[in-house]
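These are the structures in question, set out in turn.
Okay, so subunit A shows up in both of these, paired with subunit B first and subunit C after.
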Partner chain A sequence: MHPWVIKRLLGALLTVWASVTLAFFALRVVPGDAIASQLLQGGASEADVAARRAALGLDDPLTVQYINYLAGLVRGDLGRSLLNRQPVSTLIAEQFGATAALAVSALTVALLVGLALGSVEAVYWPRLPGRLAGIVSLLALSTPVYWSGSLAILLFSAGLGLLPATGSGDTAHLILPAAVLGFHVSGSIARVTRASLRRTSGTDFVRTARAKGLRARRVFTHHVLRVGLLPVVAVVALQTGFLLGGTVITETLFARQGIGQLLRDAILDQDFPVVQGVVALSAAIYSLVSAAADLLYGLLDPRVRVEGGHQEHD
Partner chain B sequence: MKYLFALIPLLLILAACTGSTPASSLPEPRIVYGLTLMPTGFDPHINASSELGIPLRSVYDTLVYRDPVTAEFVPGLATRWELSADGLSYTFYLRSDVHFHDGTPFNAAAVAANLDRIVSPDTGSQKALFMLGPYNGYQVVDDFTIRLNLTEPYAPLLDSLSQVYLGIASPTQLAQYDTATYQFHQVGTGPYRMVEYVPGDRLVITRNPDYAWGPPFYTTPANPIQTIEFRFFEDPPTRALALESGDAQVMGELLPVDAQLLAGNPTQRLYPIIRPGQPVQFMINVRRFPTDNLSVRQALIYATNRAAIVDAVFQRFAAVAYGPLTQTTDFYSPDVTTFYPFDSGQAESLLFAAGFTETDAEGMLALPAPNPTAAPGQPTATAATDQSGSVPLRLTMVIPPWSQYPAIAQLIQSQWRILGIDLEIRQVANFAQLREAAAAGDYHLIGITFSGRDPSLLNQFFLTAAPLNWSGYTDIELDAYLNEGTRQPDPAIRQQMYAAAQRRIMEQAVVLPVVDYANLNGASTALEGMAFDAQGWFPLLPNLSLTESAGP
Partner chain C sequence: MTDRAVPLGILAAIALITLLAPALAPHDPRSADSPALLPPSEGHPFGTDTLGRDVFSRALCGGRQTLGIALLGTGIAVLPGLVAGMLAGFFGGWADRLLMTVMDVLLAFPNLLLALTLIALTGSGPAQVALAVGLAGLPAYARVARAAVIAARSQPYIEAARAIGARPLRVLLRHTLPNAREPLLSFAAVSFSWAVINGAGLVFLGFGGDPSTPDWGAMLNEGRAAFRTAPWIALLPGALITLTVYAVHRLADAWGEGKTAR
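Right after this comes the complex of A and B.
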């Protein structure tokens, strides 16, 4: 394997370890746990609570719990939910498909809309289409998913009856949430696209291309876009992290199945192992996506070739 | 870059493939019933969520039932029952014509297997176990007779046995799956069978055509609902939208403002159900100055305009609470309504009598600076004083985020400010933090409310040694009422005991009751027969029918 890849993988592992460690201790700094809450609300006495906690190993010293957890993690065992005793890996696997579908389709929407808005803005500024695209991308960036989502449900479901508002059933159920989440993410993609395209338009090689007598369209598609879209790759990688968080809100709003809902409930119930599992997964995905983005960067831009384990950014 | 674009159609295909399709081959008519939260687990013997009972109440039968109107105990899987003279054993005579959804017969051994499972430490029950109280094993008398033994008399047992948490599951099925997996394969004897449970997405049940042993209040309508799909709507504003758009035909826990709008919608009907148990209330800390003073506690209740809160926060879909139990709870005593009507004049004079005679520039009350010969009982060292040495009337209230506590607390804050009472509100995120705040003890009022039809839930809050005695109130007399109320099987005696307990709690002003919480359910007008069981939370699903083709 290429030494650079190995280095990135090691970096990813380190990131995952740091995230789960942080999650492990942060969760335990906050008072209380799932068992005490649930049992007391179920009518148990303090003695019952203490016995149950001891049986689950929640009374062990924190370092012992941590070492046990890491040992499990190394074996691929994420532990079991305190509340329903299901393996955390099963709980996550059950929900992963729905969230992946939402995140991938939202990202697709975001890319299509964001690239279009950003390009229009770069090319047509300061004429009307450019200004309109600028307003729309600003709107996308500044409206929270919560608000635009409620509005979309009101308009397309309750009002026009075009699309189902809630649930995870089929593809029709995916359209609204993916559009809403994707629209929000498209804002930042559009901004980066615009800025980068404009910067590229002013560079020497573009001037040379124009001087060669190439048509404006060809200069844009073959020269400006090729180089100008590079930073977008980085933004997309960054937005993957946001998407993982954004699905929490989107899934709750649209009553969709998914990791987001699992995480939200686990946090509220203080079901530590589940929260830690989701954190580990998110960290892993995020590290891998950003490593992939770096790699892609090199493939797309000959100026940023990865050589001998060193990477040169412009 | 072109590689990236080439990926897009691929991603779209992937997205389309990962979505799951709901079972569509199930019999019609079909409705979608909206649950308000996603329970962490759906096993009624293990998990404690009240939401799980909404579907599962109709998957299981219980040994006894309670009439939804009269709250009388009526036969369920047991045709009759006897209590021994010493109050220590209940004998249940079981029906012999019942079989589980998997075809296996119901009998005393099945009840025994269920009890064994509930009390086993391996099960890790979070509620069912504690509902059995001083349970001490059973004897199978014959195939259709079982005796439950207790270590001490426990009157709430029948109420416990009437609830879904003690529903009787197929022993065959229990043996086949473990405690983590049974929830996906539940089998009972009830009017509906469980089809599937997809965590985070749906739980589906279909009508049990063999069901012929239901309690008398289960009717058989002409066009009953054959298939019910339960879905999870955790975001409150989405609930009304889902009803309106036809995504769901029934929905629980609507926001009061949405309920108000729904009331004017001809296609929807509102079913507000006052929850039995405790009202939305605050426990008053009697161990801390100045609420250690009875006059101050009484003044706080007089000072709270609860009708205004019902109007503003609950859009009038709830009722003013006067005591520690809501009006739909067993042995609720209407006597409590005579205590503490809203009366700011009375509140002012009680506070004056308690020593809060000074008013600062902003009109806030304070206890004057103590002179060297301060009257005994007046605080000197324990309370915070300002520069002049006088003690301002400053209170701290801890609240959870649910049951409209934040909105209620803010209204109380503004109502009290007018009278010169300075209230600081501290909101916590969940029950664990609420408990932590209670243990720290630095509060004057703390919001907590439990639901349940039997008033024995008061024991968890008002017995001297109770785990949730967050008032810190100790009273031998009250302990005696509550203990006897739990021990005495005779309803007439229980009535007396709980009437005395409610009176005592209000005389001593240990709680500030605010409002009898109403669960605001909404349903399509195409649905007929919407009604809820005696616990107020669980719908009588077999009675539902569709008047027209209004399904999803």
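Right after this comes the complex of A and C.
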């Protein structure tokens, strides 16, 4: 393997370790946890609480807990929920499918809509279609999911009765959440697409292609698009991170099962092992996707490899 | 100039309404003295909510908390982010590397997820939401500030200032910073738009503390609960959030002119 690839993967691994460590210690600084609030409310004695804490290893010194946690993490063991003592990995695995389906379909919508809006804006600016596409993409970026989602429910569920508003399960339940979340994300993709296509249109090799007498359409599809879409790869990676956060709100709004709901409930209940498990999972996914995007970028554009694979965050 | 006039006008109008809200609101935004879930009428142009409070009055007054959280959050992101990014970008060396490593680790958490994790630490409430949203936006701002300072630092007139013997701090504050003004302002606007969306989002999720306080995010949550019977509750607060964020983005565009990625 190219040393640059190894370096990038090691960097991703280091980021995951650092995020997990940060989450571990930060969450243990907080006074109070699910055990105390739940058991004492339920009428359990102090001794019961102490016994439960001891059983979960919460009395051990912090460093011992940390080493145990890391050792478990390597084996895929994320600890147990403080509330129902279920393994966190099981809780996450149960919810993962629903969230992955939402995230992947939302990203597909975002890519299709975003690339279309961005291209129309770049090609037709400053004529009317270009300006309209610009306004739509900025509106997509500005409309929070929790509002566009409410409007979509009003129109398609309450008004027209076409789609179910809440719940999860079949494809019909996926359409509205994926469309709403995808539309919001399409805004950033459209803006990066437009900026990059415009920049590319002004470069020498595009001018050369035009000077050769190629038709405008062919110059666009064969020259401008091929180079101009490169930065979009990086944005899609960044948006994966956003999607992980965005699913929390989307799942709450549409009362869908998923990791987002799991996280929200765990935060409200102060069930820290679950919060930590979700954080570890998202840091891992996000780092891997960014690393993959960097590698892909390097594959598509050899200049990146020379410069060490660094690219700007948004 | 005209690029900025429209968004600035929108923002000024929203700020004015928010500041004058107590005088403008026809009803007390907290009192539940009307029947619940009244549809829009002359006395209640946007109806009443699940507890019988006037939606129009709550929307007018809701900007105080929503925009207050966002402003405070932006301050928490921008001021330390600016100082950290500036020092890192200007002086470089091991401090730069250390700081940027920390920021990169924080950037590995998606913005809203980082804010949620911080809420898990601090608990619910408007101040906590502002802190969470602000800290979540800090690493991105530090990175942008660093990049802006590095870009400005390499200008010939900075070298000239150094050559005539200006002290580093003077070069940074009097020569580098003014030249980096536009990207810094532009990304501060972007940070504010994130703070509005994420702050209202956290309140929407139920982390805003006292639910009787008027807040656009809290109203959207009430609207979600009653969308079948009372779809009018969510309309106005959502439109106000969107309008605010839209205007802020337009302003960021005018300042940044495509220098930032979004």
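Assume the second predicted complex is superposed on the first by the 290 of 314 C-alpha atoms of A that agree within 3 Å, B and C clash if a C-alpha of one lies under 4 Å from a C-alpha of the other, contacts with A are read in each partner's own complex, and residues count from 1 in each chain.
The definition used in the following text is that contacts are C-beta pairs under 8 Å (C-beta built on N, C-alpha and C of every residue); 3 or more make two chains touch, one makes a residue touch a chain.
Being a predicted model, the structure only gives us computed values, none of them experimental.
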item	value
Combined model on subunit A where subunit B meets subunit C, clash or fit	clash
Partner chain in contact with A:188 - subunit B first, subunit C second, else both or neither	second
Partner chain in contact with A:253 - subunit B first, subunit C second, else both or neither	both
Touched partner set for A:158, first subunit B, second subunit C, both or neither	both
Contact breadth on subunit A, by residue count: subunit C or subunit B	B
Touching partner for A:201 - first (subunit B), second (subunit C), both, neither	neither
Partner chain in contact with A:270 - subunit B first, subunit C second, else both or neither	both
Subunit B versus subunit C as contact partner of A:168, first or second or both or neither	first
Which superposed partner A:147 touches (first subunit B, second subunit C, both, neither)	second
Contacts of A:112 with subunit B and subunit C, given as first, second, both or neither	first
Which of subunit B and subunit C A:86 touches, first, second, both or neither	first
Listed stretches 236-244, 272-280 or 434-442 of subunit B, narrowed to the one that overlaps subunit C	236-244
Footprint overlap on subunit A, where subunit B in one structure and subunit C in the other make contact	30, 150, 153-154, 158, 165, 252-253, 264, 268, 270
Residues of subunit A defined as touching subunit B within the complex	30-34, 36-46, 48, 52, 55, 80-81, 83-87, 91, 94-95, 97-98, 100-101, 104-105, 107-108, 111-112, 150, 153-154, 157-158, 161, 164-171, 173-174, 178, 225-226, 229, 233, 252-258, 261-262, 264-265, 268-271, 299-300
Sites on subunit B touched by subunit A in the complex	1, 3-4, 8, 11-12, 14-16, 18-22, 34, 37-38, 40-41, 43, 46-48, 121, 124-127, 129-131, 179-180, 183, 198-202, 231-235, 237-238, 241-242, 244-248, 429-433, 435-436, 450, 457, 460, 467-468
Interfacial residue positions of subunit A with respect to subunit C in the complex	15-16, 18-19, 22-23, 26-27, 29-30, 138-139, 141-147, 150-151, 153-154, 158, 165, 188, 191-192, 195, 231, 235, 241-246, 248-249, 252-253, 263-264, 266-268, 270, 272, 275, 279, 282-283, 286-287, 312-314
Residues of subunit C touching subunit A in the complex	104-105, 107-113, 116-117, 119-121, 140, 143, 147, 193, 197, 200-201, 204-207, 217, 220-221, 223-224, 227-228, 231, 234, 237-239, 241-242, 245-246, 249-250, 258, 260-262
